[in-house]
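These are the structures in question, set out in turn.
Two complexes are shown next, each including subunit A; its partner changes from subunit B in the first to subunit C in the second.
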Partner chain A sequence: MIRFLLKGLLRDRSRSLFPILTVTAGVMATSLGHSWFNGALGGMITTTANFQTGYVKVMSRAYAELSDEMPNDLALVEVEALLDELENAYPEWQFTPRIHFGGLLDIPDEHGETRSQAPTMGFAVDLLNPDAGELKRLKINESIVRGRAPQQPNEILVADELARKLEVEPGQVATIISSTMNGSMAFFNFTVSGTVNFGILALDRGSIIADIRGARRALDMEDAAGEIVGFMPGDNYRDETAQALADDFNARYSYTEDQFSPTMVTLADQNGNRWILDMVGAMGSILVTIFIIVMSLVLWNSGLMGSLRRYGEIGVRLAIGESHGQIYRAMLLESVLIGIMGSIIGTAIGVSLGLWIQSHGIDIGSMMKESSIMMDNVIRTKVTTTTWYIGFIPGLLATFIGTAFAGIGIYRRQTASLFKELEV
Partner chain B sequence: MIGVTSMNRIGRAIFVLMVSQLTPLLNGQQQPTAKELLQALDDNMVAENRVTVSTMIIHGRRGSRSIQSKSWTQGSEKAYTEYLAPARERGTKMLKVGDQLWTYSPATDRIIQIAGHMLRQSVMGSDLSYEDMMEDQTLSEMYSPEIVGSEPVDGRDCWILELTAKNPGITYHSRRVWIDKERNIALKETRYAASGKLLKEALVKEVFQVEGRWYPKHMTFKDMLSTGEGTEFIVDSIDFNAEIPDYIFTKAVLRR
Partner chain C sequence: MKSTTQPLIELKNVVKRYPMGTTWFTALEAIDLTVEKGEFTGIVGPSGSGKTTLLNIIGSLDSPTEGSAQVLGHFIEKLSHKEAARLRNHHLGFIFQTYNLLPVYTVYENVEFPLLLLGLSNDERKKMVLDALEWVGLTDKMKSRPAQLSGGESQRVAIARAVVKKPELVLADEPTANLDAENSHHILKAMVRLNQELGTTYLFSTHDEKVIQYLRRKITLFDGKIASDDVMTPQGG
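Our next item is the complex of A and B:
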């Protein structure tokens, strides 16, 4: 029976071509869309975690209230002791201190006076301790454009765009003017060890990267840090694990009545990330639902047109004794075969495109010139096992549902009037 | 720099509140015109030369700290301040000439021009910004005044003067100044954005008489957008019309 129907479909292209093309397009879009959102949103989460939020972040309660303002006067103190406690209590996690600070980057002339200057955002991390993992996490070595990574506490990396604007080269002195933890003016001479381009516009516009030891000297923050970020083993953020850790930590160390006691928040609870995480989780279902509805409508319409065109054929089949149910089931089986063929072709194209974009990426930097979102300029898809089968769901369901609706007309045909119809 | 320099000239902003030794006409309780009140404030704020030593106490969420400074001021254009204490600030200097501001840090041996975005930042963690310090026009030049009523401040009867910016580009779109009717000194000031949002508030806690002028001895300044507890200014000493050598207002003095 299947062979018979298959032959019919292949020999009569007018019956199969349009539905297969429709299914192919829909399945391809579902498959590619799944890998796109997986890659884009997942990449955004990873970048945000690595550069901004960690999987969990520890701050003072007062700092957490105003964290967007980077209020270093409310920073954590006695950080080394707190790090020891964190490492002992949660040995499978990796914790590292960071400081964010704003200020002015000033380049001197030969007389030590201002030659050029620009506002900058400082990002201080533990660059000199290889065990902290920050060089790898932030892809520092891969991002260096000129010079090298800092090897001394008083060395910094400057965003390449900013360095060119200020006409500063590796090896030259750059002075940071900022505020100390106590609110005093902070002046500190750093040496530019290199320039850097992360491919993240929010960072590449005007940031500097310093080792945390140098930043602590500059900002008078000995044994202090704005925040401690924590990362769990493996590449994927798991909200339940992070939330369990945060709940345990806060129960042990955080006191409502002490605004300077530490508090831990998860990645999901920072910067509106929960919405993005929920989107990543729900995107497969959303895409499948959309394409089932759209393709069902298209295929229903196409089935109706096909039924009209096959009016004579169906009439003859009824006239020679096939029951309405047999014809209806045969058409449904035809639709499943079309769905399978379209889904196979659509998945093959969608996954191939997905793998290509995963490998080459698409540069959206020009669209993000004014953006402050922490995401890579180059978007890459992420093809997972789900990408391989997700297109089959709308591919098969839509053809089946479309045909089921279109085929209802078969039951309305009156056998008694068949011969009159066939005379026409 | 903020200390008394602000009180004298750089901080005309702050010192609107300051001394307001008005004309005898005003002393007689007769209602002055708004322009007379404002002109009297301007006349009082600008001295030919002024040397002041002041202490600034900054109250933050983690505690308070004091900064002492000495300032030399000439007219409304030039001011030079040297920080005296604490040790971390000692030797930091600031020079304002016209609309330019430089700072010197002994730790880096750098003379750095403060400009652009940095002008909006807090100075020394206080409730004052560099923009507050950079105001160098008189209030009469910047604002149109109107007397909107009278009200007691700390038990003293005051005129309420409302100032509206003549030019939309200036830092504060409007201000309200409460002027002691008897002593003719501003005791309170509030500053607003164009939206009407209150940005800063200053209160004079204590006044004293110097060379015939009533002058604030102790005042508080609060940035209403910050979480700190405000900044206090205390005038330790002030010398009007002191001799100030010309080199004081050159960049060379910063490294001296």
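Our next item is the complex of A and C:
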């Protein structure tokens, strides 16, 4: 009987083409949407973690309260001891210190007078220790436009856009005018080792990247850091693991009220990231629910139209001796076959597009010009195992539900007037 | 449910009424009728005389308002929808005025369809379909679609579909109404032959003179009552 129904579906395009197209479109959108949100939101989380929040971040309690201002006068001290403590207590995690600072970047002429000047955001990380993993995490080498990565503590990278604006070349001197940890004025001469373009507008507009040793010298922050960021093994952020770590660490310092004692916060608890994380988690269910509802309504309508068109056929089948239930079940079986065909085609198209965008990416830089969101200018999808089957849920359920509603009319069909009806 | 009575069809005092506004319309009134196995019988009469209503009841598509209708030992008025469908599926064949073939299936598949419902094996189905197509002379058209057939050929496919499972009773509602004289005779001769070779009972609803000349028994209905019940000498066969 399945072969018989399949033949009918394949030969009668009006019975199969529209439902299959509907299912294909919905399944493709679900599958592509899933990989898109996985990639775009997941990428946003990874970028945010790598450049800003870490998976966990240790700060002084006072710094944490004003973290938006990045107040280095409230920075952590005795950082080396704290790093040792973290690495001993949580050996599977990787911790590294960072300093954020603001100031003026002054480019002197050959006489030492200001040639050009601009405000800048400084970002100091451990660039010289390959074990810290920052070169890879921040994709420093891939982002260099001119010159090279710093090899000395007094070398910096300048955002390429800023460097062009200030007309500074690799090898030239750039002076940072900022404030020390103790509140006095800081002047420090760095050598520009290269220029970078991260593809993240929030950074590319006017930042400099320094090695943390150089920044410590410039800002009088020996053995201090604004924050220590921690990364768990693997690519994906797992909130439960991060939260367990933060709870355990914070419990160690629960005995003190000292505002300079360290506190640990998770990625989710910084910058309103929990909403994005919840969104990523819920997106699969949201997409599936939306497409089940929309496709069910469309397929219900198409099922009703199909029932009208097949009025004669259903009448003959009732007369020949099929029961209402048998015809209803046969229609549901047809819908499952349509659902399977549409889901296979839709998934194939959706996953193919997803893989293409995963490989090539879509540049949204022009849309992000005024944005300060920490995300790549090039959005990539991320095709996971779930992407391969998530479309089948709305694909099969919607055709089944749509047909189940549309087919109820079969039970209202009276056999008593079949001869009259079939005379037409 | 099963009785021990012998006739293929036995109607006793069958009445069929339909609601019509606040009153009732009586389509059949006190019908007593017995049809034996192997008959080639026609129910004739003008439009509105109750021919199709009677065929509906005998075909278990409808049930009488009063009286008893026994077909192949089953009391129609006591059958559930499912039991009625089962009776039609296993024992009855239907031929419609407008053929009602399934357009997306081939001739072979249209004839095969009732056998699929019976759950027969592929080999059994193949043999029975080829036999049925041979009876109606359409073996060479088995791969054609209904749209590629003439009216006469389509009706012969409908006959093959009705007789393929070798039912005890075939009910035909105006089977020649859409056919020209030549095709009508062709069809009727095929049915006469199947009646004689397979012993299948045929019951027609018709007012076509061409059909009437093939009948061996003619039951005339008028205003829902049997006006006459005549034994005929077939002229067409």
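Definition applied: the second predicted complex is superposed on the first by the 421 of 424 C-alpha atoms of A that agree within 3 Å, B and C clash if a C-alpha of one lies under 4 Å from a C-alpha of the other, contacts with A are read in each partner's own complex, and residues count from 1 in each chain.
Just so we're on the same page, a residue touches a chain if its C-beta (ideal position, glycine included) is under 8 Å from a C-beta of that chain, and two chains touch if they have at least 3 such contacts.
Predicted, not measured: the structure shown is a model, and the values here were computed from it.
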| item | value |
| --- | --- |
| Subunit C versus subunit B on the shared subunit A, clash or fit after superposition | fit |
| First, second, both or neither for A:G361, with subunit B first and subunit C second | neither |
| Contacts of A:F188 with subunit B and subunit C, given as first, second, both or neither | first |
| Touching partner for A:G133 - first (subunit B), second (subunit C), both, neither | neither |
| Touching partner for A:G325 - first (subunit B), second (subunit C), both, neither | second |
| A:G199 touches, of subunit B and subunit C: first, second, both or neither? | neither |
| Shortest CA-CA distance between subunit B and subunit C [superposed frame, angstrom] | 77 |
| In the complex with subunit A, residue positions of subunit B that touch it | 58, 60-62, 65, 67, 88-89, 92, 103, 105, 107-118, 121-126, 227, 251 |
| Subunit A residues touching subunit C - in the complex, by the definition given at the top | 1, 4, 7-8, 11-12, 15, 312-313, 315-316, 318-326, 415-416, 418-420, 422-424 |
| Subunit A residues touching subunit B - in the complex, by the definition given at the top | 62, 66, 71, 73-74, 104, 106, 108, 111-114, 117, 119, 175, 177, 179-180, 182-185, 187-189, 220, 259-260 |
| Subunit C to subunit A touching residues, read off their complex | 52, 55-56, 59, 61-62, 81-82, 84-90, 92, 94, 96-98, 100, 102-105, 109, 112-114, 116-117, 161, 173-174, 205 |
